[in-house]
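Take a look at the structures below.
Both complexes below contain chain A, partnered by chain B and then by chain C.
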Partner chain A sequence: MKKPQIAADTRPWRDVDAKPFVRIANVTKTFGDVYAVDDVSLDIYKGELFCLLGGSGSGKSTLLRMLAGFETITSGTIEIDGQDMANVPPYERPVNMMFQSYALFPHMSVENNIAYGLKREGLPKGEIADRVAELLKLTRLENFKARKPHQLSGGQRQRVALARALAKRPKLLLLDEPLGALDKKLREDTQYELVKIQETLGVTFVVVTHDQEEAMSLATRIGVMTDGKIAQIGEPQEIYEFPNSRFVAGFVGSVNMFEGTVTEDEDDHIRIASQEAGCDIYVGHGVDCAPEQILWYAVRPEKMVLSRERPEGDANITHGFVQDVAYLGDMSVFRILLDSGKRVHVTQTNSSRYDPDAISWDEKVYISWASDAGAVLTS
Partner chain B sequence: MRRGLALPIIAVLGFAFLYAPIISLVVFSFNESRLVTVWTGFSLQWYAALFQDSQIVSAAILSLQIAATSATIATVLGTLAGLALTRLGRFRGKTALTGMVSAPLVMPEVITGLSLLLLFVAMEATFGWPSGRGFTTIVLAHTTFCMAYVTVVVRSRLIDMDRSLDEAAMDLGATPLRVFFDITLPIISPALISGWLLAFTLSLDDLVIASFVSGPGSSTLPMVIFSKIRLGVSPDVNALATIIIVVVAIGVAGATWFGMRKPKNR
Partner chain C sequence: MSTGVVQPRPGRIWGFIANALRRMGLSGRTAIILAPTLWLVIFFLIPLIVVFKIALSAFAMGRPPYLPMFEWGADESLTITLHFSNFLFLVRDSLYANAYINSVRIAAISTIIALVIAYPMAWFIARSEEKHRNLLLMLVILPFWTSFLLRVYAWMGFLGRNGIINNTLMGLGIIDEPLVMLQTEGAVFVGIVYTYLPFMVLPLYTALVKLDQSLIEASADLGARPFVTFLTVILPLSLPGIIAGSMLVFIPAIGEFVIPSLLGGADTLMIGRVLWDEFFANRDWPVASAVAIVMLIILIIPIMLLSIAQNAVVEKNQ
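Coming up: the complex of A and B.
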C-alpha cells in the first residue's frame, strides 16, 4: 500500500523549519519616484511552482526581472540557494528565464538555440549533443531541430523557448507569461505539459501571469500582487476560498460582495446586518471584529442556491428578480437584481441535459447560502 | 476610364522629369561623334579612350580607395554611436547627441568642407598631423559625414530589435561582449551592410567636401570630372558618368535591399 504523504513533504511552506530556496527580503524597486515593487518579502521553496499573479503594472514582471538580474534592486536582498544575488550579473546566476516573447535567436536553428547556453558553459561537444537530444525529446521537437524559429508555429516556439531555458539545468526557472501567446485550446494542453515537466525535473518554477485561471491550475502557491505589493500569498484554494481582502476576492474569480455592520459578535458566530444583501448574514465562526464595525462579506456565485420557495431560516436568504441567464454549457450564470438594487451573480451546474422546469429570466427567486459559504473581509 | 489614364500619364511625366537627363547622357556616351549634341552612330570608342586616360584611371582608383576606407570606418563608428543612442538607456546629453549625430545630414556641404579644412590646418599647425592634405584628410572628412548616415540606419534597426534577445543570451551565460558578437551583430548585420553601401556611395559621389580637404596629387574622380567639364564637355566624360551611374545604382539598390531585409521571426 502506498504510504500516505505528510503535508510537510509536499508543502514545505507549511513547515516552519523548512529552509526557503529563494528568499526575497524587503525588496523595493523604484523607477524615478514610481515604486514598481514596494517592500516585498517572499520565500519560495525547492520544487515549488510559484505563481506571481497580478494585473499589468502590479510589479510582478519587475520582481521576476530582479530575480533574473536584469533589474537592480533599489533596496532589500534576494538570496537564491543561500547566495546573495546583489552583485551577481545575469550571466552568472543559477537561474534561467523563459521570455514572454520567447526571444528565440532568429538567426539560429532550433538545435543551436537550445545548445547556446551549453556552449557558453564550455561543455564538451558530445555532452551538448546528448543534452540537446534529450531536450528535443522532452519537448517533442525532434523533427524540427534544423528549422529556424520563423518556420515554427506558436506552440512549437513556446516549446523551443522552454527547452532552451531548461538546457542548463537551472536551479530556478523563471517564466514570464509562458502561455500568454498561445490560443485557448493549446494553452490548456500546454499548461498540463508544463506541470508535468516541472514535476519530472524537480526544478523550482516562478511563473508570472495575469491569468488567474492559469495561476490556479499551475501553481503550488500563488502570490497576488497589486501596486508593487503582495496582497496575499497562499495555495490556490486558500486564495480562492479565504481571500484576505476585497481586492484578492475580486481579482481571483468572480464574487458577490455585500457591505454590512456587525450586530452580533460571539465566539462561535457573528451576525451582520446588510442593507445591500437585503437580509441578515449569519457567519458560523468567530471573526476578529467589533460590534458596529463595517465590513464586507464575499460569497462566490457557485456557493449560492436559487429556489422559487423561501427556504427555512432567518438569515442568509434574500430575494431578487432574474434579469438574465447566460448558458455556458457546463453551467449557467444568473444575473439577479436584488430588492436592494444590488446585482448578484449566481452560477448553477447544468447537471441534466434538459430541465423544462429550470429557473429562467423574469422570475422572482430566493437566493440562499450556507453559514460557511463566504468570507468576512475587513479590508 | 479617364481616371485610369491620368495616373500612368502623371507617372510617365514624373519619371521622364527625373530620368530624361540621365538617359540622354547614357545614350550620348555611345555616340561616335566628338560633338556631344549630335548623334552620328553607335560606338564604344569613348569608353576605350577613358581607360587610356591615366589621370582618370588613377583618380578612379583613389576615389574607390577613399570610399572603401571611409565607409568602413564610418560603419564602425556609426554602429557604436547607434548602440550608444539605443542601448545605454538615458544618459546626460543623449538628446543633444541624437540631434548632433544627424546634423551632418542637413549641414550644407560647403560649410562642412570649410570647417574641416580649417580644423586640419589648425591640427597640422599644432601637432603636425595630418601633414598636408590628401588621402588621409579626405578619408577623415568623408568618415565624418558618412558616419551620420550609418548611425541613422543602424539606430533604427536597433530600435526595432527585441531587447529580450540580448537578455536571453545573457541569461544563458553570455557576457555582454559575447552577446554583442553572437546576437546583436548578426541580427543588425543587414543594417551594417546597407549603411556601408550608403557610405561608400556618398563618399564616391562627393565633390564639394573633397575639393576643400584634398591636396595636390590627390584629386578624386568627381574633382577630375568637374575640372574636365570646365574645359568643355567631352564625350569621354559621358562614358565615365555612365559607369559611375551604374556603380552608384548598384550600391543604392544593394543598400535598399539589405535595409529592407528583416528577420522573419519577431
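Coming up: the complex of A and C.
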C-alpha cells in the first residue's frame, strides 16, 4: 500500500491554506432549553479519520446526527465539500452513516442490505451485483451473503453495517460507536481493519466514541467534547501529552494532578510550590502565567520514576508509601500515598521477567520526574 | 415421578386434588390443558355437531322443526337418514351464492378501507411521545365503553333523511334536498369500518411501535425518499400487524348481521341476514344450519391462509 510521506499531505490540518472538506461553523443545537451542542466550530479535512470523543451527553452524537441530516441545526452552518447542508435532506447528502445499533434491515439478506443504497441510486443490476461482491470480499462476508441479520454474530453484523455504509462510496462516512457492541478481542482486530479500509478507500471518516483508547488508536485527530462544546482538538499525541485543561488531561488516560502556586516565573522556566505534591515543581520551559497564580501540574503515571534512594535535585522529588501494586503483565501500577495525603498512580514497565528486588507493598519510596514530564494547566 | 422423592407439602385442598389426579394418571400439566379442551368440546364442538346434524335433516312442521336423523325401526334396525337437499338448495337458489359473494365483497372492501384509515392512526400513535401513547390508545378503545347497538343507532341519526348530516348541509345551503345515505351499501361500509376500526388499529400499532426508528433513518441515509422507505422498510416490517388486523376485521364483518340490517338497504344482501331470516322468519332450521356451516367453511379458509402467511412472515423476520 502506498502511503504519502510528506507531512503536509498526511496532516492537512497543519497547512494553513488547506481547504477543509467538512466545515462546521458556530453550530448550536438546542432541545427545549438544553444546549446539546453549543457553538461548535470544527474543520475536518479530506481523508481524515476524525474522532469525536466524549462522555454520554457531551453532544458528540448530536453533532454526528446533524452531519447526517437527522437533526436540524438551531444556528450555525455545516458545509460538506463546499456545499451548505442546511436544506439538504438526509437522502440527498453525500454522506453515509454506520449506526451504533447497526440498524440492519431485519427482513433483508446481507446481500440485499448492502445493495439497498445502490438500488435507490437506480444503478443497473450488473453493476450493483459487482459492487456488492466487491464489498462482501472486502468485509470477508462472502459466505454469509444469503443470511438474515439475526443469523449473524455481532462482529459479522458490524461488518455488514460497514459494507452497507460504504456501498455508495460516500465522500464522508459517519460512524456512531462502531465498535461499541463488540467484545475486547474482536474490537482490537476490527479497529485495525477499520483503519485499513479507511486508508485503502481514502474515505473521510468521522467516528463518535466514548472510548479514549479506541479514539487514540483510530484517529488522525481527536476532538474532545464536553457539555456540548469542544474542549480540545488535536492529534492523539497532542491530546495525551499536551492537554489544554484539567478536563482533557483527566478524560484521556490517567493522570496525577497537583495544585500549586507560581513562585518563580522566568522566560526559560517556572517553579511551582505545591502542597499537594509535597515538593517544588520545576518546569523547564516558560509558561504564560503570573507569580502567585494558582495552576495545576499534570503528570502521566508512566512519566514518574520510583526509587528507594533519594535522587539528586531540589525539585520534582516527593516521598510516599506504596499502598498497592497491581501487576498487569506488561506493566505494574503502583498506588502511592504521598506524605501530603495525596494519592498518586505510578506505572513501571516490567522489562525483566523476574526482579527479586522489585519495589513492593508497604515500602517507602521516592517519586521523581523530569522537568518536561508534565503539562502546566491554567484551567 | 419417583415416589422416593420427598414432596413439598402443598395446601390441603390442592394437595388432595393433586394426589387424586396423580392416582388417575394425570399430571398437573395435563390437567391444565384439559380444562380449556373440555370447555371447547362442550361449548364449541358439540354445538357444532348439533348444527351439522340439523343441516343434514329434513324440514318438518312441528317442534323441533326438523325430522330426526336416527330412527329405530320395528324390526330393530337403525335407519340413518341424511338429507343433502339443504346444501343442494343453497347451490340451486342464486340468492345464497349472491349473499355469500356479497358478504365477502363487503367485508373485503371494509377491511381495505379500515386498513387505509387505521394505518396513519397507528403510525401517529406509535410515533408520538411515549407518555401520550396510552391516552391515545385509550381514545381508540373508548367507543367500546358504549353499547354496540347504541352506536349503530347513532349512525342512523347521523345518516338519516332528517339526520344531522343532511340538516347541517341543508342549513348551510350546500344541498337543496336531503341526500339518501341511510339504507345504502355506503352506510354499511361506514358502519363496519367504524365498528371494527379499533381491531385494525391495535395490531398495527403493536407492529409499528416495535419498528426501530434507526431503520427509517438508515433507509433515508442510504438515499431512500420517505415514500420509498415506507414501501421497502416500514410496510414489510409491519406486515404481521396488517395481516392480524385484516383478519380481525374481515372475519367478523363477513358474518355481520346487525349493521347491514340497520344501516343497509333491502338490496344489501349479506349472509348474516339471510341466516337470520331463514331461522326466525322461515323457521327453516335445516337450511339455516346449512347456511351457517357453509359460512363457517368460507370463514375458515381465509383464516387458515392468513395465519399461514403470518407465520411465514414472522419466521422470515425472526
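Convention: the second predicted complex is superposed on the first by the 375 of 379 C-alpha atoms of A that agree within 3 Å, B and C clash if a C-alpha of one lies under 4 Å from a C-alpha of the other, contacts with A are read in each partner's own complex, and residues count from 1 in each chain.
The rule is simple: contacts are C-beta pairs under 8 Å (C-beta built on N, C-alpha and C of every residue); 3 or more make two chains touch, one makes a residue touch a chain.
The shown structure was predicted, so the numbers you read here are calculated from the model rather than taken from an experiment.
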_chain C versus chain B on the shared chain A, clash or fit after superposition_ = clash
*asked:* With both complexes superposed on chain A, which partner does A:Phe105 reach: first (chain B), second (chain C), both or neither?
replied: both
*Which partner does A:Thr378 reach: the first (chain B), the second (chain C), both, or neither?*
neither
*Should A:Arg120 be classified as contacting the first partner (chain B), the second (chain C), both, or neither?*
both
_Quick check on the superposed pair: does A:Thr30 touch chain B, chain C, both, or neither? Answer first, second, both or neither._
neither
*Using the superposition on chain A described above, determine whether A:His150 touches chain B (first), chain C (second), both, or neither.*
both
*Who does A:Asn96 touch here: chain B (first), chain C (second), both, or neither?*
both
*Mind working out whether A:Gln275 is in touch with chain B, chain C, both or neither, as first, second, both or neither?*
neither
*Common interface residues of chain A with chain B and chain C?*
68, 70, 89-92, 95-97, 99, 101, 103-107, 116-117, 120-121, 148, 150, 164-165, 167-168
_Looking at the complex, which residues from chain C come into contact with chain A?_
212, 214-215, 217-225, 228, 232-233, 236-237, 316-318
*Please name which positions on chain A make contact with chain B in the complex.*
68, 70, 89-92, 95-97, 99-101, 103-107, 116-117, 120-121, 148-150, 157, 164-165, 167-168
*asked:* Can you tell me which positions in chain B touch chain A when the two form their complex?
replied: 162, 164-165, 167-175, 178, 182-183, 186-187, 263-266
*Touching chain C in the complex: which residues of chain A?*
68-70, 89-92, 95-97, 99, 101, 103-107, 116-117, 120-121, 148, 150, 164-165, 167-168
